[in-house]
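Two complexes come next, and they have one chain in common, chain A, joined by chain B in the first and chain C in the second.
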Partner chain A sequence: MFITEDNKIEVTKRQYKYKLNAYLNAFTAMIAVQIVALLLSLLGVGSSGYHSGNLSLSLKTYSSNFVIAFTMMWGLVIGITMTTQAYRNSDFTFVTNRLTSNLSNIAFLITASIIGGLTSMLSSNVLKVALVFYYGTEEIISSFISMGEILIGLIAAILYVLLLTSVGYFVGTLSQLHSIFKIVIPVVFFGLLFTSPGQDGMITKLFQFYIGETSLLMFSGKVVVTATALFIASILVSDQLEVR
Partner chain B sequence: MNVITAKHLTKKYNTGKAVDNLTFAIEGKKITGLIGRNGAGKTTLLKLIAGFHKQTSGELKVFSENPFNNLKVSSNTIFVDEHMTYPESLSIAEILQFAGTFYENWDEDLAKRLFDYFGFSKKQYHSRLSKGMRSTFNMIIGLAARCPLTILDEPTSGMDSSVRKDFYRALLKDYIEFPRAIILSSHLVNEVEDILEDIMLMKEGEIRLHKSISDIKEFAIGLQGNRETINQFTRHTEVLHESSIGNSAYVVIEKNINQSVLQNMKKAGIEVSSVATEDLCVYLTSKTKGGIDDVYNRG
Partner chain C sequence: MGISIVLLAVIIIVIFFSTKGKTPFFNGYRQRIKSTIIVYISILILSTGLFYILQTQLSTVSSEDNTEIISELNNYVNEFYNIQDPKELDESDKVVKLGEWSFPYSDEELEIFTSSYHLVRVQQKETSDETIDVSFYTTRAFQSGIEYTELLQPPTVRQANNSLLITDPDRVEISFAKFDREFTINQFTGGSMMDDNHETSTTHFGDTILFVKVPSNVNVSYSEDGNIYIVEDE
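Moving on to the complex of A and B:
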């Protein structure tokens, strides 16, 4: 009368489909965040001027880095949100266990990272178009970007967002375990940011570990290993968590 | 075959034992009523069975497996209560559609007909429904899932009386059509009495009584008459309940007494009556023999 096998993969797939539909509003939020970032980018990220006799030159730099940074923050928030009680409980309304719930969350976060990275990378084109409308074609020097560079940028953007979702997911999972982490984690974070006066704090060094990496392959390796470790840690930590 | 077996099952929270050393078995294809007062441990027990919470000690088997974090148990169980949460961005029609993808025996036709009967419209959102409508919607999911183990934790909260009646009738019809293990927790015995086969009565984390409904009807008798006279007879038996006004007293005791004693009681002018299931449940789960009267009896 009852189903005897427990098909983890099948249940994970169903949960994943369910989540893609249910949490579509996460992508609405992402679009809003990216639009804000684009508007901020329109102000330019840097400017310089030269004066010599009757020659005056002013240079303004535009880049869509803002969009990637904002999308990374969005990734962090989505990662945390997925671990909140309301989200977890709505998993357990239907068939699941902690493993399939986590796996489908992770699959959703990977999807979110791909979409987030892709759109933020492509947003530079939107920025260019907007600037052309504003200044006309004469005043713009656009750096030529090859297909290869776009691809590298794309992969890096996706990986940056993925890294942040995995951090968010792990932090969120710890907070679910005990509410004390909600205080401890920010304190530790800001504490380590400013630990050594005059020098870079541990957190800054940690950022450098990723940002300072010039080889795409090494960078990918670092991010994938970190994200995998954080996701696995989240699965292990939440495996005995009581729900509902 | 037993769907659920428990041996010395205990669940402790920081505040104390919610479920204390329970040993019982629940058969498949039966409607069992889990009756008890607020805070008796009903919900805790049900959450242990559903695998949401983990027992502190003892053994619990659902479909012969430990239910905590168990996918097989989850696939065969549905837990309906008023706290069921759904993603806020989905309309109730979409929720029904997704619910169907999770359960092997899901009856879509039934879900649709119940949906229409109770006057839901497809574009409504669960969070914006009234409390009673929410319970009704949860109940539709609980019935249509047709899980071999269906757990209904106070499913009727907030429903008006006509919906409640419809619900119990639907539950019974659905059970007859598709027999399965149903556990229904409630503190309103008189409402559910007619559809239950077994009653499990909980008090302060313990099982006070676990019997078929017909046995429970025969479990106790009420004695009405002169207090002194009754006391003579009940001196050596356990009194389940007593209340008195002046010289006259009403005392409830277990029925397993000698027939000759019963005859003597009647001769002595004591009226012997049967005890309604609802009243018996109240007596068995009350903290003191006299109930609220004891609070006011300061003398």
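Moving on to the complex of A and C:
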């Protein structure tokens, strides 16, 4: 059975809707990850103290960086999971081909990135409200955050999760091509991390390419181009996979 | 908020999300997932609204706040310790007077005892006005950009017989919490990537001096182990 161009769009849409319903588990995992990260964040990310004479002053710093970082890791795992055999087989409930399957996966991952990014940033307010009730308003000092900065944070969080999901999807697809990649990819990653550490290390430079970017526009460009390239590469690689 | 609470919560979450033998396609299970997601997102939205209501009652400070005065204070320390007349400090915006005492005194011998960590600076007046004047000054104190000068307590100063006794009051413990902006905001708004604490530019511990001015006819003696300094007449 063949799928025409018009049908491809329709099939992709249907598969996407199906995946949104069928893979709800992914979002409960995200909630669990974010709650764990929030609880870890309650321990604080830093502290400083001043003890002199009769005065003992302690300042504990809190932020929801853990939640965003954990959500990024969730994005990576979801990207990989989408390429596993069990998930790929579920596509065959529909009349499908590799392209529509990949496109619906990518659409799902983009949706997951948006939800992950938004919820990770919003969850910081749960942390803040909890701490206001714990400490009281007198003992809380907050960095003022404007609406514009919140928007920047939201966009950046979504882009970071998207970047990780695309990396996960590519790594997962490569692993499906040949099981040797399941060993080679971590070995290459950690090998580079430990054999060329420091500022000049390849992995450090790679991280710096994204986290060192101070312009949101440039950062968005870098992430969108990288994610697009990785998704296209994943589609091309998956074409090499054996037909079920 | 110890690690035990975190572990307990993790266990609760694991139990809550654990399902034995149910698949994502099982209707009841899927409905429960949907409900969980809706509840979670509702909590996020509610706490966002609640926080922005509560935020108006919080002190706000950014890494840029107070850096100028803190830098000036860090350069001012030597000048502060060389001040001869405490009255010079009354006009300064870098220094705060936290205590002032006056004791009528007609004897000619005075022994000073101190168990305080503050520097005590003793000076004879030009006149014999039968009064011991004591004043306590501190440079303004900041930690991580937050001013806490008003929280500093002056020492206790008492006069009994031929002695002046200086002791520290009971220990005061104060805890603050500070919310840092997320790295996704800091990266694009000029803040440090992981936090916005710049200790060297946002911290100045209050330097303190207790000035003791005695009448010109009073001879002062003191214990060598105290942090006492007598200003000789020039």
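Basically, the second predicted complex is superposed on the first by the 231 of 244 C-alpha atoms of A that agree within 3 Å, B and C clash if a C-alpha of one lies under 4 Å from a C-alpha of the other, contacts with A are read in each partner's own complex, and residues count from 1 in each chain.
To be clear about the criterion, a residue touches a chain if its C-beta (ideal position, glycine included) is under 8 Å from a C-beta of that chain, and two chains touch if they have at least 3 such contacts.
What you see is a predicted model, and the numbers here were worked out from it, not measured in a lab.
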item	value
First (chain B), second (chain C), both or neither touched by A:Ile141	second
Partner chain in contact with A:Asn25 - chain B first, chain C second, else both or neither	both
First, second, both or neither for A:Leu174, with chain B first and chain C second	neither
Residue contacts on chain A - larger count, chain B or chain C	C
Partner chain(s) touched by A:Met121 [first = chain B, second = chain C, both, neither]	second
Partner chain in contact with A:Leu163 - chain B first, chain C second, else both or neither	neither
Touching partner for A:Glu213 - first (chain B), second (chain C), both, neither	second
Partner chain(s) touched by A:Met72 [first = chain B, second = chain C, both, neither]	neither
Which superposed partner A:Gln240 touches (first chain B, second chain C, both, neither)	first
Touched partner set for A:Ala86, first chain B, second chain C, both or neither	first
Contact residues of chain A, present in both the chain B and the chain C interface	21-25
Touch list for chain C against partner chain A, complex	1, 3, 5-6, 9-10, 13-14, 17, 24-25, 30, 33-34, 36-37, 40-41, 43-45, 47-48, 50-51, 54-55, 57-63, 116-118, 143-144, 146, 148, 151-153, 168-185, 187-190, 193-197, 199, 205
Residues of chain A defined as touching chain B within the complex	1-8, 11, 14, 17-19, 21-25, 86, 89-90, 92-100, 239-240, 242-244
Chain A to chain C touching residues, read off their complex	21-25, 27-29, 31-32, 35-36, 39-40, 42-46, 48, 50, 52-65, 68, 119, 121-126, 128-129, 131-132, 134-135, 137, 139-145, 149-150, 152-154, 156-157, 160, 211, 213-216, 219
Chain A-touching residues of chain B, taken from the complex the two chains share	28, 47, 51-54, 63, 69-72, 74-76, 79, 83-87, 89-90, 94, 98-99, 101-104, 148, 180
